[in-house]
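Below are two complexes that have chain A in common, paired first with chain B and then with chain C.
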Partner chain A sequence: MNIIKCEELAKNYANHNALHNLTCAIESEKIIGIIGRNGAGKSTFLNILAGYIKPTSGSCSVFNKNPFNNIFTAANTILIDDRLSFSDYLTLEEILTMGADFYPNWQGELAYRLLDYVGLPLTSKHQQLSKGQMATFNLIYGLVSRCALTILDEPMNGMDEAIRTDFYRAILKEYIAFPRTFLIASHHLAEMESILEEILLIDDGSVLAHAPVEDFKQQLIVLNGPSDVLATLLADKVIYAQKDMAGMTLAVVEASSLVISEDLLRTNGITKSPLTSSDVCMYLTRKKGRDIDAFFD
Partner chain B sequence: MHSLTNLSLKTIVKKQVKWKIKLYISSLSSLIILQSIFGFLFFSSGSGSSGYGQQNLDLNFTIYSLDMHLFLSVFWAFISAIIFTTRAYRMDDLSVISSRTSSTIANTVIIMIYSLIAVFIMASTFYLQLLAISFLKNEPFIIDNLIFSPTLFMMCFSIICLFGAIGLLFGNCFKGPVFIKSLTSFFVMFAVFILIISPDSINLKGLIMLPNFMMSVCYLSVAAISFSLAIWIANKSEVSRT
Partner chain C sequence: MYVNLDSATPIYIQIAEWLQHEIVADRLQTDEKVYSQYQLAELFNINPATAGKGLTILFEEQLLYKKRGLGMFVTIDAKERILTKRRNETLTKMAQEIVIEAKRLLVSDEELLILIRQTQEGLK
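After this line comes the complex of A and B, so read on.
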């Protein structure tokens, strides 16, 4: 069942278009990585889903309702990002009490145990926490609220590596204990890849790819072989990246465009190797003709 | 899939009011401090005075009234309501189940409750001031209307509430959609322009001459319109996080 449906979604600001023609459908009870370069439109998309902003055109439905300023969406959605703030007058303990008062599925006991695990004193004020501690607290708040749609926008910003690793596991454990839809926007794809089921790649305000992680990784492959053979083979193919060195060429191409047997590749001295999800994202979103090496050469 | 949470707007508003009453309490303490400072500053001069002298006779009247305290409370209500719509307060609302509509309705209820408390604070400060004068100043005291009548109470409440409502509307206008921001800016500039070129064109004499009860009804009606407009604008507003 799709809990999110977006069609031709566009969001224009005075000086730029954050989203244009974004179409996607997201099924319930999945952990989905929202990936994209800086300024791709990830946060705008997540803010529309949370009902904070209104799309300029197109349609968006969350739980079959228009999310904008909708109390039903608000009751079932939580957006955790680095701008989440709490009153200066509340201690962490009071914030948890307040959360328990609002969210029907609140897990207070779990919150106290997690805060104890990360060493955050209950008497601290939210504003007094360091950047990493604040991110940790916000993530705990988001996890224990157990909303049907949990949106995490760069939730690990500022956290040290050990805590990040722990909390990827915490997200997974929470998902198993209480299956719900997690949308996680992050630049640390390699770190969180193991907990993701799908990747939604956004570039220039529209969806570039939306697939299960394994399928996503197989979109592009690396071919390595003699330059002359590869030049003939890839003559009419889209090449995402290419490096030539000592008569050998290394090229990143779309796997589906390569209709050639493994044996033939081997006979021609061409080796085929897979890419990581991060590399696939990088090559898919790289602007044509932009190469940092060429920039300095 | 687990069943979805279905909370009514009324439930959310109730919860928001419960927490906001605690969290916004500092604005009430600021009113107590303000009233105390002004009570002390105008301790001996009152809100007005008049004098009369002939040969050996020299008469000086000092009038102590609620006017100054009411003026302060009205100013406080306007500023506090605007502060409730500022970024920090709006961001705090997003950390719990809320919508712009529910937050503005909750703010409306808070302003009404705080206006009521403000009348009590105002009256208490006034009576304390009178008590201090009667003990510390060795002068005859003519008491007129010592008891706070229900109609006077209602009028004080309605005027504080009205300015709170205007503050809330004003704050929401500048956080709302662009056309509302432009309209508000135009209206403010137009009002200032009219006040400068023709100050007499705004004549509130008819309103002031009305009995207290009628005046209260007028104030409360305008406050209700302002609150409704503020809620309507909030319903159209996006979350601005800048």
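After this line comes the complex of A and C, so read on.
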């Protein structure tokens, strides 16, 4: 069942278009990584899903409803980002007490245990927390709300590595205990990849790729072999990156564009190797001809 | 046991291989219940869907069978099947690689056989 359906979603601001033609369908009870370069439109997309921003055109449905100004979707959705603000006068304990009043599945006990684990006193004021502590508190708030749609926008920003590792595990354990849809936007794909089911790659305001993690990773491959052989083999193929040295060529290409058997590759002296998901994202989103080396030549 | 996230081998295949390893080592025996996808997810810190894919591989190879509502169990001849498969595929492939590498290093056939025998002696 789809929890989210967006069609040709667009959001235009005065001097730039944050989203255009974004179409996607997201099934419920999955952990999905929302990946994209800076300014790709991830946060705008997530804010539309949470009902905070009204799209310029196109349709967006969450729980089969338009999320904008909708109390049902608001009660079942939580968006955690670094702009999340609570009153300066409230202690963490008071903020948690209020959360319990608003979210029906609230896990107050778990919140207290997690705060104790990370060493955040209940009497602290939200505004006085350090950047990493604030991110930790906000993420705990998001986890214990147990909303059917939990959106985390760069939830680990500012946290140290030990806490990040702990909280990826906390997300996974919470997901197993109480399955729900998690959308997690992050620039740290490599460190969260193992807990994801799918990757949604946003580039330039629309969806560039959406697939299960392993399929996503396998869409590009690296070929390494004699330059002349590879030049003929890849004559009419899209090459995402290429490096030549001493008669050998390294080329990143789409796996599906390669219709040649493993044996034939081997006899031609070509080796095939996989890329990491982060590398796949990087190559897919790199603008044509935009090679940092070119600026130094 | 950790899954190797940097490995070229997909995580779900690593899970399938680990389960086969457990069967071969008799830590999972005939008709014994195997870990659920959620247990595997917790154990290896991976998404339950990924763990489920690993279980599906074993189910499709008939190394596991399903009992409705109870989970997956080890098939009666699972260990034998895994051993046969490894002999036919993995070991043959490794032997090929050794022979190719020996050729590259100008090691004669006799020398290679002697090396294998010596290695066997050393591991006894």
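In this text, the second predicted complex is superposed on the first by the 297 of 297 C-alpha atoms of A that agree within 3 Å, B and C clash if a C-alpha of one lies under 4 Å from a C-alpha of the other, contacts with A are read in each partner's own complex, and residues count from 1 in each chain.
Convention: contacts are C-beta pairs under 8 Å (C-beta built on N, C-alpha and C of every residue); 3 or more make two chains touch, one makes a residue touch a chain.
Computed from a predicted model, the values in this text were never measured in an experiment.
**Student:** Based on the superposed arrangement, let me know which partner A:P104 touches: chain B (first), chain C (second), both, or neither?
**Tutor:** After superposing on A, A:P104 lies in contact with chain B but is clear of chain C.
**Student:** For A:Y52, is the partner it touches chain B (first), chain C (second), both, or none of the two (neither)?
**Tutor:** Touch partner of A:Y52: chain B, not chain C.
**Student:** Determine, under the contact definition given at the top, whether A:N70 touches first (chain B), second (chain C), both, or neither.
**Tutor:** The first partner, chain B, only.
**Student:** On the superposed three-chain arrangement, identify whether chain B or chain C touches more chain A residues.
**Tutor:** Of chain B and chain C, the partner in contact with more residues of chain A is B.
**Student:** Is A:F86 in contact with chain B, with chain C, with both, or with neither (first, second, both, neither)?
**Tutor:** First partner only.
**Student:** Thinking of the overlay built on chain A, is A:L196 touched by chain B (first), by chain C (second), by both, or by neither?
**Tutor:** second
**Student:** Counting only touches as set out at the top, which of chain B and chain C does A:I176 meet: first, second, both, neither?
**Tutor:** Touch status of A:I176: second partner only.
**Student:** Can A:V253 be said to touch chain B (first), chain C (second), both, or neither?
**Tutor:** neither
**Student:** Would you sort A:I184 into first (chain B), second (chain C), both or neither based on which partner it touches?
**Tutor:** neither
**Student:** Can you give me the overlap between the chain B contact set and the chain C contact set on chain A?
**Tutor:** Looking at chain A, the two contact sets are disjoint.
**Student:** Spell out the part of chain C that touches chain A in their complex, as residue ranges.
**Tutor:** Those residues of chain C that touch chain A are 3, 5-6, 8, 10-12, 38, 41-42, 44-50, 53.
**Student:** Write out the stretch or stretches of chain A touching chain B in their complex.
**Tutor:** Contact set of chain A toward chain B: 1, 3, 28-29, 47, 51-54, 63, 69-72, 74-76, 79, 83-87, 89-90, 95, 98-99, 101-105, 141, 147-148, 178-180.
**Student:** Quick one: in the complex, what on chain B touches chain A?
**Tutor:** 1-2, 4-9, 12, 15, 18-19, 22-23, 26, 88, 91-92, 94-102, 235, 237-239, 241
**Student:** Hey, which residues of chain A end up touching chain C in the complex?
**Tutor:** Where chain A meets chain C, its residues are 30-31, 168-169, 172-173, 175-176, 190, 193-197, 212-214, 217, 273-274, 276.
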